[in-house]
Structures are given as C-alpha cells and as structure tokens.
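Think of it as A, B, C and D in the order they're written, each chain with its own count starting at 1.
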Amino acid sequence: MGNQKIYKSFDEAVMDIRSHSSVMIGGFGGSGGQPTRLMLALSKRDIKGLTIIGNVAGISETTGYGWPKNSKPIDQGIFFKKGIANKIICSFPVPASQNPKSHIEKFWLENKDSVEIVPQGTLIEKIRSAGAGIPAFYTSTGVGTIIEKQKEIKFFGKKKYLLEHALSADFALIRANVADENGNLQFLGTSRAFSPAMATASKITIVEVDEIVKVGDLDPNNIHTLGVHINRIVKRRKNDMYP
Amino acid sequence: MKFHLDPAPRLNKNQIAKIATKFLKNNSLINLGIGIPSLCAQFIKDPTILLHAENGVYGFNKFASEENINTDIMDAGGNFLDMNKNMVFFDSVESFNLIRGGHIDTTILGAFQVSKSGDIANWIIPKRGIGSIGGAMDLCANTKEIIVTMEHTTKKNESKIVDKCVFPLTAVSCVNKIITDVGIFELDNNSLLLKECAPGWDPITIQKITDVTIEYDEKIIFMDIDDV
Amino acid sequence: MGNQKIYKSFDEAVMDIRSHSSVMIGGFGGSGGQPTRLMLALSKRDIKGLTIIGNVAGISETTGYGWPKNSKPIDQGIFFKKGIANKIICSFPVPASQNPKSHIEKFWLENKDSVEIVPQGTLIEKIRSAGAGIPAFYTSTGVGTIIEKQKEIKFFGKKKYLLEHALSADFALIRANVADENGNLQFLGTSRAFSPAMATASKITIVEVDEIVKVGDLDPNNIHTLGVHINRIVKRRKNDMYP
Amino acid sequence: MKFHLDPAPRLNKNQIAKIATKFLKNNSLINLGIGIPSLCAQFIKDPTILLHAENGVYGFNKFASEENINTDIMDAGGNFLDMNKNMVFFDSVESFNLIRGGHIDTTILGAFQVSKSGDIANWIIPKRGIGSIGGAMDLCANTKEIIVTMEHTTKKNESKIVDKCVFPLTAVSCVNKIITDVGIFELDNNSLLLKECAPGWDPITIQKITDVTIEYDEKIIFMDIDDV
C-alpha cells in the first residue's frame, strides 16, 4: 500500500469536511482517546451546521473530566464555541455538577433540539450496527423511560424491547497509539472506547496517532482496527501541549 | 445531614459504601456508579471481585496518584487508574456487551428516587438542564442485581424512596436493594422490606422519614456502632 | 483468582454435560481452532440428544478439510457417529463433492429435521447477539431465499430485511492458544473464528489451550476473550496425535 | 468441455480466473469463492488488492507448501496459507461485519445458475442432499460488486444463464458480471449484455447455447487468443 494514507498535517486531513457533514469523535471522553489535534484543525474550518456524534460530549473544559490537573482541557464543546456545529448526539453532555455551563449547554438553552441523548450502550451498538450492515436491533435499555418515546416496541418472551436503528456518519475522527502504513491500528488502555466501531461506521475515517510503523511491524493477531476502515493517518508531534 | 427528628447520626458516605460491599459475591463482576458507589472500591478486599468501568476496563482497584498519571488508563468517571495485573482493556462495544449481555453481576449506583416497585430515577432533574444518561440505563436494565446507595432524604428532608418516581426514569422494576444512611432495604414484589437499621435507628423512626410503608420481621438487624 | 478454573483432564471438564444439552463447538472448521480433545472427551459420555452448534459441521473426516495430509481428521460428525447428538445448527454441513457421506449426512437421511442450516454471517451474529443481550436483529442476508421462510420481514428504506433471533447454548467447547489463570484468552491466526462469540453466549465455557500462564503475563490490551466468560481451562499435552 | 456446435475451444478455468482479475480495482478488498474463483489469486499482481476469507483473515496471497503448514493459518476453503506482512487476523464476528457491512468491494464466486435479473443459485442442488450455505448468502446479499465465474453450460449442455433460477436461490438481484468459458456478460436492468466474446466465439454462437436473449452493441470486444 506504500504510504498513500499518510497525511502530513492535521489541517490537510480534515480539509474536505464540508458544512452539514456528520462527524464522529472517537474515544470515550477525556484526553486519552480524544483526537484533540484533528478536532482543533476541524474547529478552524470556515463551515457550519456540523452534526457531532460522540459519547461524553462537552464536560472536560468545565470540569477537567479525564484530563490531568494543570492541563487545558478541550472537548467537543469547541465546535459549538466556534459556531460550526448545530447538533450533537451523545450519552453524557452535562457534568454532575452543573456550573459553569459548557458551550453545549449554552447552545442547548437556545436550541432545545440540538442535543440528542442516547444511552451509552445503545449509542455504541447503533454505531457498531452501521458498520456491520445491521439496520436495526432490539434492546431492553430504555424500556419504560423517555427513550421509549416514538420507538417501535416488541416483546420477546414476556420481556419488552425497543427497536434501535443504525447510526453512521460522513467522517470519523479518532485517535490511536500506533498505525502501520496500511492503516491497521492499535490502541492503549481505555483510549480504545468508541473509536474502533466509529471507524467502521463512517465513509471517511481519519486517525491521529503517536507512531507510524511499517506494514508487518504489528502483530497480525492483535490489530484493534483493520486497515481497510482507515483512510487517512496523521502523526502527532512529540511533546506538544496536549496529552 | 441531621434533622431534628433524627434519633442518632446518619451514616456517612464511606459507611454506606462499606456496607454495600458486604453484599458482593465471590468471583463477581461489579460496576460502580459515581458518587457514593465509587467509594466502595476501597472496601473490597476479595481479589476475585472484579470492578468494571463502562469505558473499557475491568479488574482495577485504585486511582493513580497525581505524579503517576497515564491518560490512557481511566475509569468512566474520568479518574486515572493505577495498573494491576488483573486489569484488561476492551472497546465500548465489548464493554456494553458485558453490560447488556447480563455479564455484570451487581451494579451499585446512586439515585434521585427509587420507587417501591424498583423503578429508579437517577439521570436527570429536569429543571436543572439537559441531563446525562451515560451507561446508567444500560446498567439498570440489564444487570442481574442492582444495589442503590443514597442518602435517605433530600436536602429538603423529602423521602427519596417513593411510591412512584416523579423524575424521569432510568429503568423500571430493577432495584433489588437500597442502602441509605439510615438502613438497608430490600425491594420484593412491590414491598419495601427493612432488613437492617443504622445504629440508634429503628423501624418507627425510619418510617417517619420514608414515604413508602416499611415492612419488617423479627429477623430485623439493628446495626452495632462498631460494625459500620 | 488463583487457579480454580484449571481442570486437570478433558474428561473431568465435560463431566457435567447432560443429555439434551446444547453445545457450541468453537473454531471455524478444520483442525486449527477445533477443541478436538474436549470433543473426544464429550463423545465418550453416555448421554444422548445433544444439540450441536458449529460452523463447518462435519466434512473434515470425509474430505480432510482443514487438516494436514496424513493426519486423522475428526469433526463434529463424531457426536452423530456415537449417537449422542440428534440436532446440528451449522452453515456448511456437506462438502462440495458429496461422497463418501459424512456421519451427519447419514443421520440427516433418516432425520430431515436434524440439520438446520444458517447462513454463516447470520449464525455468528445470532451467537454474538446472545452474548450481547440483543434478542434479535435485522439482516438482508437470506432475503428472497429459503431462509426467508417463516421469518418476520421488515423494510428499512426500500430494502427488505429479515428478523433473526439470538442463539445461546448451555455449553461452549473452544480452543485457544494461551490462557491466563483468570481465563483471559489469546488465539492464533484463523483459529479464533467462532470461539470468542461462543464464549459469551453459553452458560459454561470450557477451553482447551496449548499453554496456561500467570495472571499479568498477557498484554492487557490484547485479550481476545475476557476471562469472565471462561469457566474451565484444560491444557493440551504437547505432541499428542492431533494438530 | 467441447460440444459439436462449438466454433472454438472454450476457455479453461485458469483463463476464466485470469479474466476475472482484470476487473478488480486498486485498494479493494476481495472475497474469492471456492472453485474457479480461488484460481484468481495467482493472477492478482496489484499489492493494494487484499484478499479476504470468511474465517478471519485478509491480505493473504498464497497457499503453504506441504512441509510448511501451520494449522492456525487457513483460508475458508480449508487450505493452509503462507504468511505475508499484509495479513491480519480477526474473529468471525468481525469477518462478517466486513461482509454484511458492505466493506468487501468485490466477491467472485461460482454458481449453478444465474438469472437475467441477477439472481444467483449456488448453494444446493436439492436432489444431491443437504446443501451448504457457508458465507455465500452473506456475500451475495451485501457485497458492492458480484462477479460470477462459471462454465457457460452444464455437463448436459444446459444453459446456466437462465430466465429464472430453478435451484434454490443464494440471493436475488445481486450479480453484476458473469464470466464464462465463452464470454463476459454484464447484467443491467434485467438485460444480459454481452461485452466480450472468447476467441473464435461471436454473439450468434453464444446465443445458441444461452437460454436468455443476449444484447450487445458495436463496442463488443472479440478477445484475441493471445490475451487469454
């Protein structure tokens, strides 16, 4: 494959993300799995109306969630602060303590339809389903709650389940520890989270990595995301200001 | 929290957490919510009990000290963890397969309200804003056993054990046990059974601050102050 | 955890599998991922009426499928040869060339309901669903074919899909390369196949391995099957007669 | 296979396989069925084309010699493979996510019958026994492009391209291209378009052994004997 997937800069890698695209943001929330540099590059684009899909959505900047002390947390709120997104699909958009308000909460106060909350397990399975060619599945999560509203219901045995639909996106921005030139990825620790599923569920997946190695350097038994799902790879510089 | 009707001090958060851990079984996989439940970890001494976090890890046992942080090793509450040899990592798909698939034996979590039929409300107080579901609905709908740890009353002295939850639900008919700062309760067949009273408390004083009729039998335990 | 999951013999590990149990057999078909020794131990039991669930079901003995030349292939046909199974759910029960007839084919000639053929991707997803708490999912695989018969149909957009239900079992017999004492497993190459999903979908999962290591010896980022799914571990002797 | 009406020898299996490979695109993920399709591997020289097998591997390119067998490295046909650096391994769940999720660009497979509407029958001839589906239904229902390679007629000289399949179907309306031992066909909008004729063959002689009306235009290609 050579290195045709390798991009030189974060800016170049997100250059074709247009207004009104849907963009998945990998990781779980917090600094570890977050594609911080790709997010910063995207946040500088002169576009609007993005739909953001991510798990813990915008609480790090206000609470420090998942960031080391004395760091400067950045989260998905950056797209709302910059005015380039108008919708987010996530599971955890507000901190347990509500002050100060995050950029996403401020936006939500004026645009109540801008935040769609999905139970976390349903959100990841919706994304996984999109990548796996499954248009919909049943789950008992959310039965008897507000999540049940306007959902199709079905009983299996005596138990009640909700029909949940696949969720895909135009782009996924993810972070991994290492990529080979074919795009095969390995993650470290809890930084894997939503990223492998998102890579399968989006038309274009862009990954920022700490290291790029030759094809054949990774153990073929331990590839966390298959290279066929990865379109672009950008290497992070050592020792920049974000963890 | 102490009110003029209280016959004795209520248990503190650490005491509630410690009590909850005595109900955990050998060789079980446990999920701890944020708040009081997260305090349980320090009291779990059985090495066959594995702690699970939604973000893709189980087997952890303590937070990392500030000088020893690895941002790739975190729990679902955003706390960085120390490594130990029982720990394994996986992605969110597998993490929620564990939850949805019923592989978690016990979830301990907090609540705004629990009803006598076992409904739980713990993700949103509507007047406060958007709310955050996270993994709570998945955990409550699919874990074999749900233990709620919470203060018995709100800051306004309102009962958090209720006939019917007022706040939007997290899941229905799922709570098995409630451990509050005044006692240990089991929910069974739409009944609230008081099993143990905090030191200095008894069924009558507990009933006074509880909106649901309490049932109990002669086997009821009065905790000793030295046990908590 | 110590080593309470470790069993000394294959016979002991399968001792409580009773008549009329459902038993998943891991791997894909062929010698690599097949739990051959657990199968041999089970085949000696004095029980009857097992339901076997496995992918390529019984073609190795007659065709040598997936076994080295000059070896003596054993496959899931052994349970029918020994008369302890009366049902198999699989995707590939007969070889492209039909002679000689396998034990499963011979049994089928007299018991036409004894073989249930499921498309391979649907079979693995049914098993995965059972382990993942999903009672049913939709797939386009099998639309317009005999598989569609008596299935619920649903359109998503203009495309037609079939409802497929989760498939669980009482036991799973699988093979892995290495286990730690907590039951965390790693597989090699294409021997992984159906085994990780089966481990999540059965009440009791028993694994035969080439090696058992201490807890902490496996890379925690590269566990293929989590130890919580594994109940019993038996180590294979080096250099026995099966690959 | 040669019949008295044949104007020239039909292509052999290797020739059919070689022709099929010329339709494969750069950077594509390909699944090859058993029989003629498996012969394609040897003709693929583009290193960006990755071969996928249902049992959990892609990137392989050749069979292992008998003295170099590793039973943990096999294709879906039960053939042992040599390692190369492009290969990666995964489980069956992920393997079929690739298939069902539409991540396979092209599947080349054999067939008993193909209809002009693109239906394919390739998993059972009922009078012969149980039949085996394997991954064929998943591949046919979900791959972006399906190329069938097969002999044009049965041993009894019956057309395998038919108005309507008689054998039980593998999938409906999915075949894009058919490569037989007499020509290359495209299926489009319920029409059978003849694009290329094998050396010595022409539309009229091909029509004689085909049960479906063949369409073709002035751009039709007559293969040169040196090209196959």
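To be clear about the criterion, a residue touches a chain if its C-beta (ideal position, glycine included) is under 8 Å from a C-beta of that chain, and two chains touch if they have at least 3 such contacts.
Note that the coordinates shown come from a computational prediction; the quantities given were computed from them, not determined experimentally.
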For chain A and chain B, chains touching each: C
Chain centre separation (chain A, chain C; CA means) in Å: 34
Distance from chain D to chain B - Cα centre to Cα centre, in angstrom: 58
Per-residue overlap in chain C, given as positions that touch at least 2 other chains: 125, 132-134, 139-140, 187-189, 220-221, 224
Shared interface positions of chain D, touching two or more other chains: 89-90, 96, 99-100, 142
Chain contact graph, described as a line, ring, star, complete graph or other shape: other
Pairs of chains satisfying the touch condition: A-B, A-C, A-D, B-C, C-D
Complex contact set, residues of chain A against chain D: 1, 128, 130-134, 182, 184, 200, 215-216, 220-221, 223, 226-229
Chain D residues touching chain C - in the complex, by the definition given at the top: 34-35, 53-57, 66, 69-76, 78, 80, 89-93, 95-96, 99-100, 119, 128-138, 141-142, 168-173
Footprint of chain D on chain C - complex, ascending: 28-33, 55-56, 60, 63-69, 91-96, 98, 105, 108, 115, 117-122, 124-125, 128, 139-147, 177, 187-197, 224, 243
Contact set on chain A toward chain C in their complex: 125, 129, 132-140, 154, 156, 159, 161, 165, 186-189, 219-222, 224
Residues of chain B defined as touching chain C within the complex: 27, 29, 47-48, 50, 58, 83, 85-90, 94, 96-103, 142
